[in-house]
């Protein structure tokens, strides 16, 4: 029992990280209709800018993360305004491929600037842990869970109470509705990308803590793992991204140890995709997505 | 000329219905110019390998040819039938491992293993097609991506066919009757394996292009394009969605399988990880950069994606700000990736309809300069 | 046949005609190979020019294909630096046979087998051999081509299948051998390891399979019980589940088959669950950055590492001395040693080939069969050469303890340790 | 250019039904006049989306060769009805018969193969194909060759292609599209695209042609032009036509009978001049209102109709007014139905 709970907690923590990355995808898809393959690039920028903040500017960890998130958000917004926006409405493929191009550029630039040596963020948790009701939980995992909750709360508050957030919600269902409120789609798209950048950056910083394996090249591929999450939850549903992330995180952890050998090696790697396919068989629009209405 | 102007910039087809039965026979080529290009292209299939001695450049071009075949297949599904797929490398993988199984393990000749690789991949495509009917846009893209992960997982777990994690050396031999593409001889002259492979790969590409062109000018292909442009209207006009979808998937994955078989004999060593997401995305990049739903778009796109990194690599060696190999800083490959990524972004921002459209515009511009009204 | 079908035929015919005109300059006549006749008394004779070697210039060009970009480029670059140090040293002393300078040409394969083949095609006509090909998959992808062109490469890889392949010049002990030596070393230090429960945490890959083979063999030999084998994927960052399973299985020794980017997360999970077995890992699992990170104490407490090399600051060892001199202020790592050893293998072979008077591919392959063995200046066990089927990979492994104060955190506990239990033939 | 129909006799008030209140059962001539056999029989069709009733007990039939119009305010269920006819929606109850075929439950493609063609309110063309290719798609169900025969350009595929193109040429000439047969549809102006859609539907060799607001979004001149094309092809090909239209002028000019829908129910089915003065129809378009207002508007409509006469070449004022009234009335309703909102 304790063992299962222990695995569950681990799954929740890794699921929260997936959820943060998935939220980045969802906010862009929901507001602009673009599947943003460059999200992994923001994860990379987030962890290296946090490193820069720690090492070069001597910032405390939290401040470094916030600065990295703001910088990444800025970069994301600039990318959107300069290269993505011009093609955002030109069908399904050009925007996806433009973001693919960006996803190639960012890690290469990062490698040029920060080299490919493994680095350490010197985060406040290190390997510390706490005991809770017979379980031992890494402080970093608790931090991940708390950050995810805070980010989610900020997210919901933004969409529920701010004028821009409301306009973005309206724009998601009807682009003209937002215009009617006096907010242009340029602002909405840039804001969505900035949010995606910040989300990716925070996820990147948390991934690059000691407990997450340190700052290292190749972190952009973590975003790939979040792809089944966003489909599982529904491409345009923030709640779906979080639930989907938790589901995948937990399922993957249990798949590691609770799956018989007959299923072959590498099963836990495809488990998220199998879970996704299973859900899609029942609900083609994902758990929280709304069914598309075919119109004549 | 005048009617063309009236029909708009995109129309290059002849316009008069009555004109010499021009529209009654759906021709492959519309002008002597394009016919000349085709003859020239066919000639190049023989001229290039016999005149290029560098095995390096031939290897690069062989890679381009294989990628072009796979992309032509994907273009049927994504460009013509409008189904966004990131799963083409799955079908390419099926083709590659079947080539080794039939041609290597079972030692069948190429006339059997090449079509069998295509058929097996086509069957897999037909099997997944019905599921795609329910999914649209990015959903289908990511679901098709899951095929790639599942494919690698399955391939790792059937080592008797694929060699599992270790992969397998490809023993299938590329001989067609008296012609051995691995040691071709023409009139007493012997050619290298790379030269033979070029001949094989690009000839298959030509055949595949012909088949796809034929499909797209006849009933089944027209149904695909109709369902891409307006699925509901197509259905109301009598186009059966499931049939059309299955057709598109079967053709796309079958061609992908053939590309995989050729990839296998070109590489000589394949492993499950060869057929990964990066490859799938690359195929999509090829058709979008080249021009979706156009016949030669995939070929142009494959040339772009295959040659740009190589050319940048050639140039970057002479750039002053590059880091020495082994030291820190920007590596040649990183620079290549940055330029490659930027070019993709640039091209799509400037011309989302691809290289084919740029070529068309250039030729229209050239013609208008030559004959000012 | 219809109107345009005839046209199609005409096109093909035209193409064929054109090609016959064009054919020629890139084709080779079947009987024009004039490879030099190898003779026993060739030493005095002037060496014949081959691709990559110009006797007039007195330069032998060598290729090295490794990942200069991507996640593992940092360690790959260290290997390159290690190689260059030995080649510089040889050149300083006059070069191969005292007169032929060595020049290194590098190509980036991004750890991708397909790109490896392409990279080799690019430089094949400029180099006499490859002093390094990084990654077992890349080596395997290259072997058919090497065989066809009768060329030779030193693999920067530890797959035992390379031992008897005529296309490669093996240099390093296999993963299986390293694991066997590490377990044997533990047993030699403390009797308790003879009955300890051995488990594994290995990457789901051919590397993981190799490690498992080693563990299965050596535990069978010493009669120790074995426990669960937990697996992970290269990109995994959460290890709670695997560590929970290892802990519940009461594992006392865990053999880790993973890389530097996996290790911190593994240590984090083990610390979290207060799991403190004896760990065995390859030096590949280490990064210099760990010395200053929070995981250093755990590594010091619980882990031993295997790899080539000696005491990394022991100047009495020739290889270390040369490396330290070449590196200057840079801290020495086992990756430097790794690259240096490849360079030593390369120059040893070249000396022999020059002595035999043939630097062509077949000449190099013959030189490898004529060599009995190669020694590595105290950095690793000898590799036994001779006819391909007689070749045996080195059996000696250096065992390191973790110590943040030591160079790159590794303090050699046993240099060139060789398990008295012996090795399976195919290791 | 434009075909002129013979103006029908000015409608008189006396032909209006006696009962102004909405009857529970539809009245009027929902059955075709005796003589010509009915080709389309719709019986008691009801369609619901969730809790919304789109069609409720709709019954009517259309005779062979008839020009039949369906009108009603926005959200009345017109397009839903068309979608039922060609199988895109499946009604919860009722039956639809086309000759000997029962249509309910069949896929649209199957129904198309039985000779039901259709145009769309908002253009539904294949934008990246040429005009000719669009029209040839209309013959899809008349062709048989599959993907393999096509790929190898084998005998049947080839013969079929030529045959299909040859068969389309008269249609292109009939609709005046022959000079631009090779043009991409994407590059054409709206009015021409409408014609392409018509030609494409005709290529299906339909027994029954469904037109969904064919002149929506067109100006008066374009409307006249298209009306002309429709009349021409109908006469030339002897088609049965069912048309949804807001433009009363067009309806009264071309339609033989008009089915009026409101809230998914049939409120009358009469010749246009009769239906347009029906107080129930007026009431439906006004979206309620007291009797006096209804009387007044009905009177105005009748006066205007009498004054100008339906079938005048220009856009008919009365029809225009009625159309506007319909728009205004409909806008206030919860439309809730796809495709109805302009």
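Residue numbering begins at 1 within each chain, and the chains themselves are lettered A, B, C and D in the order written.
The working rule: contacts are C-beta pairs under 8 Å (C-beta built on N, C-alpha and C of every residue); 3 or more make two chains touch, one makes a residue touch a chain.
This is a predicted model, so every value here is computed, not measured.
Undergrad: Any idea which chain sits dead centre by C-alpha averages?
TA: Minimum centroid-to-centroid distance belongs to B.
Undergrad: Between B-D and A-B, which chain pair shares more contacting C-beta pairs?
TA: B-D
Undergrad: What's the farthest chain from chain A if centres are computed as the mean of the Cα atoms?
TA: The most remote chain is D.
Undergrad: Just curious, how far off is chain D from chain B if you go by their C-alpha centres, in Å?
TA: Result: the chain centres lie 45 Å from each other.
Undergrad: For chain A and chain B, what's the span in angstrom between their mean Cα positions?
TA: 33
Undergrad: Rounded to the nearest whole Å, what is the centre-to-centre distance of chain A and chain D, using the mean of the C-alpha atoms as each centre?
TA: 50
Undergrad: Just give me the whole-number Å value for how far the CA centre of chain C lies from that of chain D.
TA: Each chain reduced to its C-alpha mean, chain C and chain D end up 76 Å apart.
Undergrad: Return the residues of chain A touching two or more other chains; collapse runs of consecutive numbers into ranges.
TA: 108, 111, 115, 117, 265-266, 269, 296
Undergrad: Residue numbers in chain D touching 2 or more other chains?
TA: Residue numbers touching two or more other chains: 88, 120, 124.
Undergrad: I need the residues of chain C touching at least two other chains; which ones are they?
TA: Answer for chain C, listing residues that touch two or more other chains: 69-70, 73.
Undergrad: In their complex, what parts of chain A are in touch with chain B?
TA: 29, 35, 37, 83, 86-87, 90-94, 96-98, 100-105, 107-109, 111-112, 115, 117, 224, 227-228, 230-231, 235, 264-267, 269-270, 273-274, 276-277, 280, 284-286, 292, 294, 296
Undergrad: If we count contacts the way the header does, which residues on chain A are in touch with chain C in the complex?
TA: 3, 6-7, 9-11, 13-14, 17, 108, 111, 115-120, 122, 126-127, 129, 136-138, 140-141, 207, 210-214, 216-218, 221-222, 225, 249, 252-254, 256-257, 265-266, 268-269
Undergrad: Show which residues of chain B lie in contact with chain C when the two form their complex.
TA: 27-29, 35, 38-39, 42-43, 45-47, 49-53, 55-56, 59-60, 63, 164-167, 169-170, 185-195, 267-269, 271, 273-274, 325-328, 331-334, 337
Undergrad: Which residues of chain C touch chain A in the complex?
TA: By the definition above, chain C touches chain A via 69-74, 204, 230-233, 235, 237-242, 244-245, 248, 260-265, 267-269, 271-274, 287-290, 292-295, 298.
Undergrad: Residue numbers of chain B touching chain D in their complex, please.
TA: Contact set of chain B toward chain D: 3, 6-11, 13-18, 22-26, 211-212, 214-215, 217-223, 225-226, 228-230, 232-241, 247, 250-251, 293.
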